[in-house]
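Here chain A shows up in two complexes: once beside chain B, once beside chain C.
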Partner chain A sequence: MLFAFTPYIINSTPYINLIPHFPHFPAMNVDRRRMLGPASAATPIVPAVSSAAQTGTSDGSHIKFFLKSGLSKNASGLAFLETGDTIVEVSVYGPRPIKGLYIERASLSVECRFLPYITQPNEVLYNGSSRSNGRAGLTGIEHRVSAFVETALLATIPLEKYPKLTIDVFVNVLSFNANTRSLLNLAAWTATCTSLAMVDAGIEMRDLITAGHVQLSGTTALLDPTVGDADDGGSLECVACFTTMHNNDVVAVWMDGSSDDAGLEALTLQLEACKNMSNLVRSNVNGYLLGLADSKE
Partner chain B sequence: MTTVVPGQYLEPEYKPNDNGGTEELCRYFPGKGAAISSVKVGAHTLPVVVATLLGRKVVQELKDPAEDDAEEDADDKNNPAKPKFRKFLVSVVAGKQSQYSEYADQIEASAVASVRAAATNLPREGDIVLARVTRLQLKQAHCEILCVYGHGNVSSDGGVGSIGTNAHMSLPMGGGSQILSSYAAVASSQNAMPGAQPMDIGEAYRALIRTQDIRSTERDKVKIIDCFRPGDLVKAVVLSLGDGSNYYLTTARNDLGVVFAKSEGGAGDLMVAIDWETMVCEKTGVVEKRKCANLFSSAEAAGEESSSNTA
Partner chain C sequence: MLLSPAERSYIYDSLCQKDPIRPDGRTPLQFRPLEATTDFLPGSNGSARIRIADGSECIVSVKSKVVLSEKEANLIEWDVDVSGYRDDSNFVSNLKFSLTDLYMKNFPCEKLKLTAKYSYKLFLDCIIVSHSSYPLTLATMASYLALKSTRLPLLVSEVDDSQVEEQPTFSDDWEKAQYLAEFFKTESFSPPLYITVGIVGENVFVDPSETEEQVLENGLLIGYSEKKCIAPITNLNLATNSNNSNFKGFTPALLISTVDLLKGHLSSIVDALDTLDKQDKEDRTQSIF
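And then the complex of A and B:
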């Protein structure tokens, strides 16, 4: 059946802003140009914010984090991680079909976003002049975290099992304190949280990914450090993701810092420490997963 | 029944038989939710079946000897003194998400079908699927795959896609790296328009049945309107994974075709098949044409009957 196309006739009269003059308007001492709150408004009592004065230790005894998965039905998988002032939520959509050309392996995309009001670490340094990172709408920092997580995931997901499909990972940074935690610390926890979200989505992984973040202070490596832990001149930071398969394979590394002694020795020391933290985190994540599976039975 | 986490070692690929038989070896194949990975033990690299999912470990013995004959024959020539294998399928079943997972260990296992299967029930070549016809064209019928026989639903939100807001759209290659590909992206994107919708909710596994794949005889005389109508549920076999957008299905077998249809384009009542190309509404007696499936014919009978079908 065919319909004749009837164009809408749009009234093109220009909109005139008519300000009515009310003779009964209240007295002039009322400020009518601003929206004021009620006169009886009370100021909310803001509790004193506890500064995250936690410092890194070499044995990782101070590391605390909260995990939760499966909170959402909209996403295929969702995981939530909270540690200190950092709150990360990762949602996984997929595997879902793509449109276009045939692809033999699934395409994986990771997108990390900070909530708009959050101060991003080293914002000026990374975002300063160039916004040309090829990813629409992502800042330089968000892009870096996305790339790091994606690198780690690519090594562990058997993408060839999912032809013609796409797996989309959305990382939302809900809270982050750039004064106490560095970008690398965020990357480490994000990687761990993402692997949990993958498990929740039921997407196959050859192994869990867990990450460690360390900072060198002299010759000791501090696990899960806070900013300023090792500010004795140049300090070197390292974050690495591991799978325990193949005897603790490293699937992603990110080093940052201004130290002169970034030699092989320092690298080995840091990777070793990263592994310790990663194992510490892994045993907790595994414990959580086993508890989760048993509660479902 | 043990609970396993991703990355946990389940079984080595080869293992000597527990009974102490010197000739017998056990071979473990990775099924759903498992994969082969090589692990370094000292100087050796050992293939090990590892879990890739969180769930229960299920081990089934593969009984059918004819299954891997071709493969074994080729191996035997190279190695005449090859030991006898007992074959097992190791899979990981996640939770109690479906009826299938509940009865996973009772479903007959076949190594060939399972080794490359993903944990989700993705349609693969040769699978029998249930699809819903969404749109007809002169040369093809568009469908949406709902479930794979013997495995369960293709996706948890299957069937939602083609009635979603933008059912004709899908993600381009590169997935969600563009804006508005999910509700989360819409919510957090600062340049999303008010009232923006994600590209699609509940992605559909789209498929095509081309006219030449509808039946096995007189393919050039097939009129698609006499075979399917939108809304029909069709039992079909996956012919190929097709292009990026569509799987290709075929109904060219007696046991394949429409299994569920309503008369008058869905407005009427449920119809029953009276022969392979006619359905009749039980209430009103309306007769409509369909390519019906004979659900009660065995696979062998299907081959014999194909000639009588079109006579």
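And then the complex of A and C:
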């Protein structure tokens, strides 16, 4: 009995081996099936995950976005927009000729797609059971965003200047966090990004489209809000797209949310706040485009 | 039917002027006359068919199913079918999205609860047999009538089944079935409606016809329930072809004044639908079948 009752030390802990035939195993309760890390390993310090902590403000001072256009050689126009967790890329093809009958005005098509792994906001409710992986068609939510952008463009592009032509717009949502942002917020940023892609494609527009998204919390309108910003959680939300050069007309509007406060004061307040945010975004987009024009000269 | 440039200009001018004249002689806030029947499908809990003079027709059927509450995300599910359109087309998808959105936020789904564990789930199937103008108002009116005529069988088992493994049982007698208003225990059960509004200049027109849609400057969809305008409120090009050369933006003030204008005038449409539903119910009780 060579090893019996021989005290020895592993990891500076004294053990007394009671099993004479297996001297390698210091004690029975140690995990023997896995490769264990070194005993002196330190646990990394992980910062606390921020969950929808960012809140909308009534003056829009928190709004930050990154904008870039003209990245693609294939598409006629391309714009890229990033704000928070939302990343949208819009490519415009056209105006390109169509075969067949003569048409007096260009035909416009808009197609919005989320990357397949992205959770769409309230997709269980809106898309029903129709969603499957490897799908070909668009989901209900994607159709709705497409229609919103199309409405805004129809009122802004002088389609009669492009007879016998087609303009195709493809919106790709590359990143979106459905826990922090609502569908209306996505629609707002998508509309802004699309108008920049139109500029990049050199398609004539009556004016840039910029959108504002607000949510009411009591009697204050929060610009660019995060889900759960409002105290009651389900108050009225509004997104509106404006063209300033045409006496500040609304080209697309979408109000949604609980029905209780769709009073006239609430509507007025929201549209006014949408206009403020739209102007804020517009001055930045204009600045970007002017910078772009300067660098080309 | 596509209008010629001359026709379009004529209709646009007559709608644009201070005292607008609509092609069919209606006043700006007047709906087209409609005809409806309720509860005519024997296989469903409630149903309605609605027709208007230009040949548009819509059928809505309501079916119910008992489900485990915790496993269902939504207790009301829409299916929309439009003849001549693919189910995955943008047109049909948007109709379905609009209807789902309206009902999700303005229908008392929590009252569909049957016992502690089980609920009714309503399936609303809408078939738009034919249409010439934007069919959303028609679809919501038909579903209004269908839901008003919906009857659910009477529960005879215990309401509180949180402690027991028991499935709900129902009365065999169809005569004892309850209308949704009785089941919800409310006096005024009024499902939400969508109102389509057309904009030309400073004028607004409810329920624009196919001809009017082609000259509109913009179109609005406004939710309406219990004497007030409700969200969702949105705008769109009502003409199905994008060949509407007048389409342009509108001022925010116009949207607000439209909502204000509609609030006072729309109770008559709900009254008309309620009267129709009441008459149909009386007819059914007098019938020997």
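Following the convention adopted for this analysis, the second predicted complex is superposed on the first by the 233 of 297 C-alpha atoms of A that agree within 3 Å, B and C clash if a C-alpha of one lies under 4 Å from a C-alpha of the other, contacts with A are read in each partner's own complex, and residues count from 1 in each chain.
Going forward, a contact is a pair of C-beta atoms (placed from the backbone, for glycine too) under 8 Å apart; a residue touches a chain by one contact, two chains touch by 3 or more.
From a predicted model like this one, the values you see are computed outputs, not experimental measurements.
Undergrad: Let's test your reading of the overlay: on chain A, do chain B and chain C clash or fit side by side?
TA: Overlaying the two complexes on chain A (C-alpha atoms) leaves chain C and chain B fitting together cleanly.
Undergrad: Going by the contact rule set out at the top, does A:243 touch chain B (first), chain C (second), both, or neither?
TA: Both: A:243 reaches chain B and chain C.
Undergrad: For A:172, decide between first (touching chain B), second (touching chain C), both and neither.
TA: Once the two structures are laid over each other on A, A:172 reaches chain B alone.
Undergrad: Give one of first, second, both or neither to describe whether A:108 is in contact with chain B, with chain C, with both, or with none.
TA: both
Undergrad: Can A:64 be said to touch chain B (first), chain C (second), both, or neither?
TA: neither
Undergrad: Output check: A:163 vs chain B and chain C. Expected answer is one of first, second, both, neither. What do you get?
TA: First partner only.
Undergrad: What is the minimum C-alpha distance, in Å, between chain B and chain C after the two complexes are superposed on chain A?
TA: 9
Undergrad: Where on chain A do chain B and chain C both make contact?
TA: In the superposed arrangement, which is not itself an observed complex, chain A uses residues 103, 107-108, 137, 243, 246-247 for both chain B and chain C.
Undergrad: Across the complex, what residues on chain A touch chain C?
TA: Residues 103-105, 107-108, 124-126, 128, 137-138, 140-141, 143-144, 146-148, 150-151, 154-156, 159-160, 236, 240, 242-243, 246-259, 262, 264, 267-268, 271-272, 275 of chain A touch chain C in their complex.
Undergrad: Chain A touches which residues of chain B in the complex?
TA: 3, 5-7, 33, 35, 37-40, 50, 52-56, 94-97, 116-120, 122, 155-156, 169-179, 181-185, 188-191, 203-206, 241-245
Undergrad: What residues of chain A sit close enough to touch chain B in their complex?
TA: These residues of chain A touch chain B: 74-76, 91, 93-103, 107-109, 111, 113, 115-116, 135-137, 158, 161-168, 170, 172, 199, 202-208, 243-247, 286, 289-290, 292-294, 296-297.
Undergrad: Which residues of chain C touch chain A in the complex?
TA: Going through chain C, the ones touching chain A are 73-74, 77, 88, 90, 93-94, 96-97, 100-101, 104-106, 192, 218, 223, 225, 228-237, 242-245, 247-252, 255-256, 259-260.
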